[in-house]
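Same chain, two partners: subunit A is paired with subunit B first, then with subunit C.
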Partner chain A sequence: MSKAILVDVTKCYGCGACTVACKLWNGKKYDDAKKPTVGENAQLADINWTVVSKHRVADASGKTVWRFAKKQCLHCKEPACASSCLVGALRKTEGGPVVYYPDLCVGCRYCMIACPFGIPKYEWDKSFPEVSKCQMCSGRLAKNEAPACVSVCPNSAMKFGDSEQILKDARAAIASDKRYVKHIYGEKEAGGTAWMYISDQPFDKLGFKATVKNRPLPEYTWKIINKIPAALVVWSGILTGVYMITKRRDAVKSSKNSEGKGGKP
Partner chain B sequence: MEKSNGKTGVVSRRTFLKGVTGAGLTGAAAALTGCKSTGKPAGGTGWTPQQYNVPENWPVQVRGRVPIDPENPSIVRDDKKCILCGQCIEACSKVQSVQGYYELPIKDDITCVNCGQCTLWCPTAAISERDDVDRVIAALNDKNLHVVVQTAPATRVAVGEEFGLPPGSIIEGKMVAALKKMGFDGVFDTNFTADLTIMEEGTELVARVKNALSGGHGRGEEGHHAPTALPQFTSCSPGWVKFCEYFYPDLLEHMSTCKSPQQMLGALAKTYYAKKKGIDPAKMVSVSIMPCTAKKFEAARPEMNSAGVKNGNPKMMDVDYALTTRELARMIKLFRIDFTALKDRQYDNIMGEGTGAAVIFGNTGGVMEAAIRSGYFLLTGQNPPELLYNLEPVRGLQGVKKAALNVPGVGELRVAIAHGLGNARVLLDQLREDKKNHREPRFHFIEFMSCPGGCIGGGGQPRTALPPSNAVRQARLDSLYTMDAKMYKKRLSHENKEVQQIYAEFLGKPNSKLAHELLHTTYTDRGSHLTAKKKA
Partner chain C sequence: MIRINSNITFRMTGFRKVLMFFSAMFFVLVAYRFAVGLSITNLSDAWPWGLWTVIDVKLGIALAAGGFTTAGIYYVLGIKKIESVVKPALLTAWLGYCMVALGLLVDLGRWYGFWHPIVSWGHHSVMFELYMCVLLYTVVLTAEFAPIFFDGIGFKRTAKFFVRLTGFLVIAGIVLSTMHQSSLGSMYVLMAGRLDRLWWTMALPILYFSSAVAVGPAVVTCESALSGKAYKHEWDNEAMPFLAKWSGYVLSFYFVARIVDLIVRDQFTRLFTTFDAQTFMCLLELIIGSVLPLLFFWSYNVSGKFMDKRMAVRNAIFIILGVVLNRTNVVITGMWKSAGTSYFPSLQEILITVGLTSFGILIYLFIAENFGVFTPHGHGAEDEDVSVRSGVGAGGVPTT
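Coming up: the complex of A and B.
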């Protein structure tokens, strides 16, 4: 059963406990000066698999209010990163997470170009760098535990569960409370993601990409890629045919020549 | 050649290269087709505290942490040291009733009263006071600057703990000696302005009580509108003041207009003291040593610039740096001063005298007891009876304390005390209810202290056992009462000679126009920065 997480942006007060949990669980280093994890300058980075970004927005009455948006890999249902990976180092698992296997990675970084959300980062500072992104705590999920970030939230701003139930909950929440914008970010984006968000603010104001298409990216490439086997068979057939014809022609030619030579002893 | 016999096993170059290339191609092919073992997925090499390792969404009793704005003037957090133990939330929510007492989503502020109780509960000191030690040392090193310092009552029974002395050790003289050794040009006692606070706040209380007795709406002297609401709230604890501004702004008319003793001394240092000594206030730096992290916030409140306004430079603040007791200890260690071996020294004159009534400001109930002693004098013209020198009902660590006493000519004076903001809510909700139902006020005067035990348990005090223990609080309480009863010569604020002198030479009389300019303040309704929960 595929798992999903629903983030309610209105319940976050920006303590950043989730970012600390992520660092603790995944053994990632801190760099508050260059790569802060909470606040206006918070950005996902090789060492920051999740951040909480602060946004000044206007509430219903036009007054400035603060909102905090937790960011991490959204774990697409049909991940472009995995489809672009030549060596299968990124794989969509049955449980939901899109997992990265560093032992397989050859460092081509196609995944970073492929991802519509710009999530995968590269360890540029290391001699033997790896791609770096949230794993949705696949190890914890295997034990039926919620991801570390979800389990530490003091306000239960994140809810972990079966993806169908989570989507139902999200729909119920935005239907029951008119403060929410009528949009579940991640329900349809890039074909749907395991992380979904509800909010009282339009998502583009919270630093979410509004330009991501609903169609899964792998579908675009699949249109071409799925023709490759057929093309291969046809092409090799053609080439074989050409080879045979050429060979036959050569054989005929050489036998004619030898006949001619044989006639002049 | 050897190879010719074909049995020696030596590999020819050709065979070797063929083998290597073959193996490489096979490996590459295997990797490309995904046949290779995947190895371990990234991440998951660390840990989380045990309470978080439970299946699914089971409730976790203690989880997460409090939000701290990076701009917070009082406290900072180092994420590297945070272990998500959840203790800060316990302190903020269960002791201080702040976290969890406002609705989500938040508005344009991270609600924090700056009390610093979380710094005492945090087991790794990830949360700590904003460190101003370097800036104070820089001021001390600048020979053009005249640096004065004041020490709060509660610091003198706590800083010794940082040097291996038992809790409650009385080290007033050594603390003064250390400050003088570090090069402060004037070492003053916040006790002096605590006594002054009693004169100002007592006079204000007497005016409010008399107004109520006469049933009228009093106009204060010198034309300013005097507040008349009863009960009067004490205003010494900046965490409490901010709490009231956030959660009970409708009750701010009850707040005494008096500044805290820290701010009074700051304002007087750059006016009264500067004038007396002939020092340019612009070349003065005013430092305070406080048991409190909220004092850093208080010192930075924009309206705390009375001396600056008086001196024609509104940017000049009354108190430039407020250091916690912990920062003082760190500073003494930085200066490599052998604290326990120091010979006792005295506070400097002009603003160095304090009474027993002032020193017990550091204890819960202490401001009340001191105010009653001098309030009795202000109302009757006579010094209080012996009983009032040891007012047991207002002492001790019970969360809410109540007392009533008979004052000749006034009748029954009813007082209450709450320490720890969770306890404050009990009295505040009751008052709100009473006002809604137009009931007579139950009390005339209520003392509120943000921290459990009062300032001796302040968020800037030395860290102790976890959670902060009542045994340590009691030891510190006892020591301040000992100082009041046995060590200080005087026990009545109005008998403080330097206080009498400042009124004679400078301020005129309590609640005078000048006193209002320098020693009184206004409050800010912060109710619009949060949505307080109706019933938490």
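Coming up: the complex of A and C.
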């Protein structure tokens, strides 16, 4: 059964406990000066698998308020990163997480370009860098435990469960409360993701990419790749045919020439 | 003059010393880069691909398209009048691919794992297809080039063995090239929603392939003009106009496809209604790379004027610039907005690219001078020497 997580942006107070839990569980270093995990400058980075970004927005009455958005890999149902990887170093697992296998990776960084959310980061300062992104605590999930970040949230802003149930909860929540915008971010984006968000603010104001297509991205390239075997056979056939004709024509020409020469003396 | 033995020599000039300097720097910088990683570049999370991807990989492969196009025209279509350009084109292509492989290796974060795709197949990945095709095609090109090499060092029988494989190699080369030239474009199909719609289209593979088929002979044309000056062989008045026409027709197809695609996707009017860096670069690419060369080509073609050296070289330069602009636009200009920050290559990135190119030119000069690449054509100063060793694949074309 595939797992999912629902983030309710209205419940997040921006304490950053989730980012601490993530660093502890995954053994990532801190660099608050250059790569802060909480605040207006918070950005995902090689050492930041999750951050809480702070956004100044207007609430329903027009008053300026803060909103906090927890960011991490969304774990697409059909991940572009996994389809882009030439060695299969990124794989979608049955339980939901998109997992990275550094031993296979050659470091071409196509996944970083391919991800519509701009999630995979790189260890630019290392000699033999790895791609770096949230693994959705796949080891914990295998034991049916929630990811580290979810389990520590003091305000239960995140809910972990089976993906169908999570989607139902999300729909029920936005239907029952007028404050929410009628959009579940992650329900349709890139063909659907394991992490979903509900919010009282439009998502582009919280730093979520609004340009992401609803169609799973691997479908685009697969439409081209699956034609290759047939194209290969037909194209080789045509070329071989033309080559044979050319060869035959040359042979006829040269034998005629030699006959002509033979007759002369 | 460096003399290795009585047959193999290398003339030294000031220009070559400069090339050697840059090549030496290339190897030093690459050793340093392999040790410390990619921190010497200006690449970042927002710009994982930069100068190296544009020049060492995308342009390197596109500009080496002269190999499979001329081989196809000569062997498959049987157009014998372009004979004098086939061998130099194969040499450039072979070297081009070797340089691409080297450039790619430098670009790979975990370069020592470059062989992983051979055992761990990501068969859903366009990059995997590209990798396999480039790998196999480099092998094919090496085999295609082998007769020239073995003949040069005096292994006549080995040379003959490879000559017998010609038909198979040429066809395999074209098929592999078709696949990977187009997949350089398909690679960016995955960037739907990120790559600017002036460039993003499902037709990217067709556009990339057709522009490669047009630019290949254009590169061969420029190369012939340059090597003609250096090695004093005459401009081939049979082969070159044919290549100019070939590029002209293929480019016409490319241009129509490109414009129709822009119109169908409602992007064409944007070129003239909005003015920003993207539309400017796109217009520049279209005017320099397509409109101007097509204008010249069709005015010559319709009036039946002979396509002389000036016209052919000028058009070839336009077409090459057009492809340079197009590939740069896809990798850099079209991704600018979605990246959100700016990118300019670091000095080390530039020096490594310059060094790699210098190294390639040096090897080209060395092989061209020692392995009878240019079929005797006219009476130049060095032709006597070359004609003795030539004649692999097909006999020389006596012209004068």
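Operating definition for what follows: the second predicted complex is superposed on the first by the 231 of 265 C-alpha atoms of A that agree within 3 Å, B and C clash if a C-alpha of one lies under 4 Å from a C-alpha of the other, contacts with A are read in each partner's own complex, and residues count from 1 in each chain.
Rule of thumb we're sticking to: a contact is a pair of C-beta atoms (placed from the backbone, for glycine too) under 8 Å apart; a residue touches a chain by one contact, two chains touch by 3 or more.
Remember, it's a predicted structure, so these values are computed and weren't measured experimentally.
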{"item": "First, second, both or neither for A:Asn144, with subunit B first and subunit C second", "value": "first"}
{"item": "A:Pro129 touches, of subunit B and subunit C: first, second, both or neither?", "value": "second"}
{"item": "First (subunit B), second (subunit C), both or neither touched by A:Leu104", "value": "both"}
{"item": "Subunit B versus subunit C as contact partner of A:Thr64, first or second or both or neither", "value": "first"}
{"item": "Partner chain(s) touched by A:Val87 [first = subunit B, second = subunit C, both, neither]", "value": "both"}
{"item": "Partner chain(s) touched by A:Ile224 [first = subunit B, second = subunit C, both, neither]", "value": "second"}
{"item": "Subunit A residues contacted in one complex by subunit B, in the other by subunit C", "value": "86-88, 104, 106, 130"}
{"item": "Complex contacts: residues of subunit C adjacent to subunit A", "value": "35-39, 43-46, 48-49, 72, 75-78, 107-114, 116-117, 120-122, 124-131, 167, 170-171, 174-175, 178-179, 183, 186-187, 189-194, 202, 205, 335, 338"}
{"item": "Subunit B to subunit A touching residues, read off their complex", "value": "31-32, 34, 36-48, 52-57, 60, 63-68, 70, 79-80, 82-84, 86, 89, 99, 104-110"}
{"item": "Residues of subunit A that touch subunit C when the two form their complex", "value": "44-46, 80, 82-89, 104-110, 112-114, 116, 118, 121-130, 211-213, 215, 217-218, 220-225, 228, 231-232, 235-236, 239-240, 242-243, 246-247, 249-250"}
{"item": "Touching residues on subunit A, where the partner in the complex is subunit B", "value": "9-17, 19-21, 23-27, 30, 32, 37, 39, 49, 56, 59, 63-67, 86-88, 91, 99-104, 106, 130, 132-135, 137-140, 143-146, 148, 151-155, 159-161, 200"}
